[in-house]
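Okay, structure first, notes after.
Chain nomenclature is as follows: A, B, C and D, assigned in order of appearance, with residue numbering initiated at 1 for each chain independently.
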Amino acid sequence: MTKLSELEPKFMHEVANTPRGKGILACIQCGRCSSSCPIARLVDEHNPRQLMEMIILGSRDEVLHTKLPWYCLSCFTCLDRCPQGGDVAEVMFAIRNLAVREGNVPDGFAAQAGNLIKTGRVVTPAMMMINKREKLGLSKTPSTAIEEVQKILKKTTLDKMMASRRTVKE
Amino acid sequence: MKGEPRVGVFVCHCGVNIGGVVKVPKVVKYTKTLPNVAYAEDNLYTCSEAGIDSIKDAIKKYDLNRVIVASCTPRTHEPLFRAACKEAGLNPYLFEMANIREQCSWVHPKEPEKATEKAKDIVRMAVARATWLEPQTEPEVKIRDSALVIGAGIAGMTAATTLANQGFKVHLIEKEKEIGGYVRRLYKLYPTMEESSEIIEPIIEAVKKHKNIELMTSTTIEEVSGYVGNFNVTATKKDKKIQLEVGTIIVACGGLNYQPPKGLYQYGIYDHVITQLELDQILKEGRLGKPERVVMIQCVGAKKGEIRGYELESFPKSDTAKLLKKILRAKKEEGWPYCSRICCMNAIKNAILIKTASPETDVIILYGDLRVYKEYEDFYSKARDLEVKFIKILEIVTPEVTETPDKKLKVLAYDMLAGKEAEFVADWVALSTPLVPHKDEVILARMLKIPISPDGFLMEAHLKLRPVDTMMDGIYLAGVASGPKDVPETITSAKAAAARAAILMANKKMKSEAIIAVVNEDLCKGCGRCEEVCEYKGIKLEEAEGALIAKVIEAQCKGCGVCAVTCPTGAISMQHFTNKQINVMIKAAIGG
Amino acid sequence: MKYAMFWGCLIPAREPNYEVSVRKIMPAFGVKLVEMEGTNCCAPFGIQSLDYMSWLALAARNLCIGEEMGLDIVTLCNDCYESLLMVNTMLKTDHELKNQVNEILAEVGKEYKGKIDVKNMIDVLYDDVGVKKVKDAVKKPFTGLKVATQPGCHLTKPKRIHFGERKFDAFDELVRATGAETIDYDRRQSCCGGPLRGINDELARDVARMKLISIKNAGAECIVTVCPFCFLELDMSQLEIKRHFKEEYNLPVLHFAELLRMAMGMKLDDWETKSHRVPLNPLLKDRLQEG
Amino acid sequence: MEQPAVLVIGAGISGIQASFDLASRGIKVYLVEKSPSIGGRMAQLDKTFPTMDCSMCILAPKMIDCSHHPNVELLTYSEVKEVKGSPGNFTVKVVKKPRYVDISKCTGCGICVDNCPVEVTNEFDEGLGMRKAIYMPFPQAVPRAMTIDKENCIECGLCEKMCEAGAVDLEQKQEEIELKVGAIIVATGFDIFDPSQIPPYGYGRHKDVITALELERLLCASGPTGGHLVRPSDGKVPKTIAFIQCVGSRDRRHGNPYCSSICCKYAVKDAVLIKEHDPSARVCIFYIDLRAFGRGFQEFVNRAKTEYGIRFIRSNPGEITYDPETNGLSIWYEDTVTKKIENLKFDLVVLSAALIPRKDVGDLVKVLGIEVDPYGFLKSSSSISDPVDTTVPGIFACGYCLGPKTGDIPDSVSQGSAAASRAAEVIVGGK
């Protein structure tokens, strides 16, 4: 039984006003997103419709501090299948941005961020690949402006966010 | 009827409906062996133009003086085939229908052989009866071109102005002192959010000013007698009797908003538990202020006795035990068996009004099925854009309302889609209640002799194709009298009722059924038993050469046959259903 | 037709064969690819999930480089295309957002003006080059080859930005231009599972398996992709599925550039054939360099 | 001055009701219908909810009453080309398309149909049944005459040779007639949303995914299979049938955000019909909100659940996949009670597709100068107080050309009578 105290009535309002979260207001709980989502079919915890319902109901704590938002692989199937223009995938991004601000970042994403801050890219070529490219007469991998990337990420405080990361509650 | 009876029999396949079960060709072959049968054939659809033409041609070619169509129900097709006989020059009452669909193929789909035999019996009985049919002439009734409209709500006023604009005299009678009815009291109307006054004031002006409309307020109807085209209505206005003679009557008595019984969701116990109508009035007077949360509960008063099978069927076992206690309680609740179609929209309208007035208020609507139909889906989206929360609850687990120590209301509901029981503390709880029939609808129905349908509203002649007519010619239904409707639907049905009434009044005359009682004056002892039992007052004792003789008022008699059965001396017989005809049918049935 | 070529990070790091094929076919259509210097990560799905403004700033920075070169940007990888296209569309329409982003870009002396467009190789071949020219360039058509097309989620969805169904049909038309027959299968519009690589590999494999089942049921012989993620995922997971589920699909996976290159008569070099985990022969035996 | 007439465009149940009400009160009506026979969509239905009347049984008498009425002049296979003038006197140009059959002579005997060598799909059967180049859409067609479909006709002349009544006239030309009318009523009805716009449902890819109107034709006694429900793919009797609601309705992405109002009702009706045909069949209805709001309908739904054991699943399925071994379809949906994504196998899937504006409503709107609402249906001058008036005075509308403002058949009939009232006010009242 969820007491009102556990619910945060203003949660839907908060998500609706995050840059990619406006779609939550259109949701009519039809279930088309969860039944077309490839992940929902394989992982029981991940259910986009139920996630939207929890936002509407206001279970802020359960949504932002668990693994729930991190299963989505942003293939936008739910967004295209949503009959009400509920932009479910966009709302997923909105919740993840909110979760990151609360320090909830899984390891895989943190690794990508670390790589980005260190090398300016998410995927960096292994030494063996650089030699192979040489042999094939291809140019070295494209040049990256690493300092400029680091300056940008300092301005958007991404590096601070990554530093204040806590492990996620199962 | 001079000359030997020459019967033509047309057996119908009705596509698969009859032909799929009854061996129609066999029935035709058998029919040809019956006495007096001059011609018999079968066709795929006798009700199609092909069937009609084959009947007309056969009458001329084989000089038939009786016609039988063995097909479906007289209720929908007898007028059609009678018209065909008439066009071929044969008196329409020399026609007889044998129902081998509803009374045979449809009920015995699994036994084709027996069904075929039964079809033969039914046709044999019809042929037997046909030989004794006599031509009848339909009495013609004069129709006055004035109408009575009962109830001056939005339905009554619209019907009255529509008829008046077409030049007919209209008597508009309203029980209350003020006209405008249910809609006039409302604040705003969905979906356009126009004020109710913007819609209803122009019509009220038109009614008051229209030269063809005679408006009588605080007038109640005492008694209605007479028949189509000549209704005499007696009404009283502040103990002044008024007599009216009108051609047609339009019933626009409207409906009531259901007052939940004391205690249902603590209604009547806590004053902040209100109905949507009361919330509408509070919003109209701006008395709501800026509450922190308003919770609305849908389908209050709707019958939840039938447990929605699907919800219990695959329900997680763990919760069922806990919920069963609540389910049994829900079963006891009485309620209206129909969906009153306007309460969802009303709740959303009030939610939008609250949210526009004070966006900070948290508005939650607990619903089982959100029936926002037609183009009102945009209205529903507008509410969601204003952050109104729609939470689907398990209907069979009715929410519980209790009071918190600090005089707020606590609503406990099972949110089916999140799979959790959630609890909300609210300042107001609004109950969406259905539209229910007017208490005096029953009195009106008995007065006008029109039936009431199972859900308590007045019954229309045919649900699909005659939605504003009634069983009684000349009496029509407009607005909520025949079932819950929203304002646009009410206005449409009012205009439709006006159109139907206008037909009779424009033609000024009408033919009515010839199936009526006939009194054999030699046998009538004047005992008056027939007058007592006649529901429609279609038969009266009259002085004739010093003796009391029963006399039939042709247009008023509905041909129900009660008088004929009650008459001790057998003086009364029914045209087209004489005892002879019926006995012959019975003999044919048993004779085999 | 000159474009600024944004290779992204995955193709140079993992799939040089895609780069080689593209470099080989584009000159035939008069398309000149100018290398972009000093680009940065396009901020794909992973980074977008972390922070909104970081995504806009990183993607906008690449757009500024394209504007400085005065050329439309062309990408091969769906993630780069999606990120750059969405940011380009948003900044062009939302001035207030553009100013916020420019405020961040000022740190590195760049300013987004919104003068260029972002295109994928499919847009270039379909809109600018035209299917007719592609058909004419085909010397050895793949008549009879049953192909399941996999344009990829970020090339075609969300439909409101990518002109609805047109993208799916455009890619099908291009594949048909090479003579092959495109098969319509149930899960054509669903995801290959690629973005979960590195985060949850088993899950990625299972998502890929659902797609492969659907392709097999529809009777296709091979899969043609656009996005390197789809290529890697659908190719690699067939081996993992064989090991884990003991199921054989052997559906060879080809980049569209490779398919077009072979259709234009060129043969794949040996190292390119080897970089496909699902063997290309026997299906494409006569199109490969021996030994 | 002799009373002006009324033009009614479209002879579905709504147009028929409007014409019959006007004619019965002595006003002349020109009833123009584009297809060869009057009857409209209702003629295609098998049974109607919730009374289970057979649709043709309650429609045929009305069609014959209307067409035989002395005050009604039927102009079938004709279209309105041009309208000028103002309320009280409109001049209307109507083009009578050539039928190549003389209506007065043709008895509808069908010899020509038997001999016609050309066979094409029958639009009336939603493409499930076949018809010849010379055809009558359905047995109870009014007027009861054949029509030659010139596109597919190979002009072999066999029909002309075989016709005893000499009714075939291959040289018939297009006629244009001019009518003087006082008011116009539009009753042109609706089209069905093409579900192939939602690829994951596989309509068009799998033959056993059909629309609800196609199901009506399969269930109808005069349908292509004589009323026996069989799977279009292999002709077998389906044992498990699913209905999917809100396909294209309540859908912003496909431009129909409204609720088409009748799909929940006809889905439950068809489910009950299927159970009556074959009690052992298993029928599921996937819905979002079961909109059982009509008269007597909630009771009908309760009966469907308790008596007929039809299963209602509150979820809108995401996609349908095809399983080659069992030639069956599996529907992927979320069981909102258990929160699990499930899939159920079905032999036949019926999509309750949305009702959308007629494809060619555009040119009629241009001809009449009336406005359409955001969904493409006709706009009422005031959606509350004048639901059946269009934006042009003197021109009224009824039936589903007004869009979702019209619910089911009783709404169409009421609007037909209401439009008749409004037209009569213009003719008699001069308002």
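Observations on the model:
Here, a contact is a pair of C-beta atoms (placed from the backbone, for glycine too) under 8 Å apart; a residue touches a chain by one contact, two chains touch by 3 or more.
Since the model is a prediction, treat every value here as computed from it, not as a measurement.
The two chains most heavily joined by C-beta contacts are B-D. Chain nearest the geometric middle of the protein is D, using mean C-alpha positions. Between subunit B and subunit D, the centres computed from C-alpha atoms are 25 Å apart.
Put simply, the C-alpha centre of subunit A and that of subunit C have 22 angstrom between them.
Chain centres here are Cα averages; for subunit A and subunit B they lie 57 Å apart.
Spacing of subunit C relative to subunit D, judged by their CA centroids, is 45 angstrom.
Residue positions of subunit D touching 2 or more other chains: 200, 250, 253, 257, 314, 319, 336, 339. Shared contact sites, meaning residues of subunit B that touch two or more other chains, fall at 381, 392, 417, 419. Shared interface positions of subunit C, defined as residues touching 2 or more other chains, are 159, 189-190. Arrangement of the chains shown, judged by which pairs touch: an irregular graph that fits none of the line, ring, star or complete shapes. Interface residues of subunit D, counted against subunit C in their complex, comprise 197, 199-200, 202, 205, 253, 319-324. Residues 159, 165, 168, 184, 186-190, 214, 217-218 of subunit C touch subunit D in their complex. Across the complex, subunit D is touched by residues 26, 28-37, 40-41, 44, 47, 49-50, 80-85 of subunit A. Considering their complex, residues 7, 9-10, 12-14, 16, 19-20, 35-41, 44-54, 57-58, 61, 104-105, 107-108, 153-154, 157-159, 189-191, 193-196, 198-200, 203-204, 206-207, 210, 271 of subunit C touch subunit A.
Across the complex, subunit A is touched by residues 293, 362, 380-381, 384-385, 387, 389-392, 415, 417-425 of subunit B.
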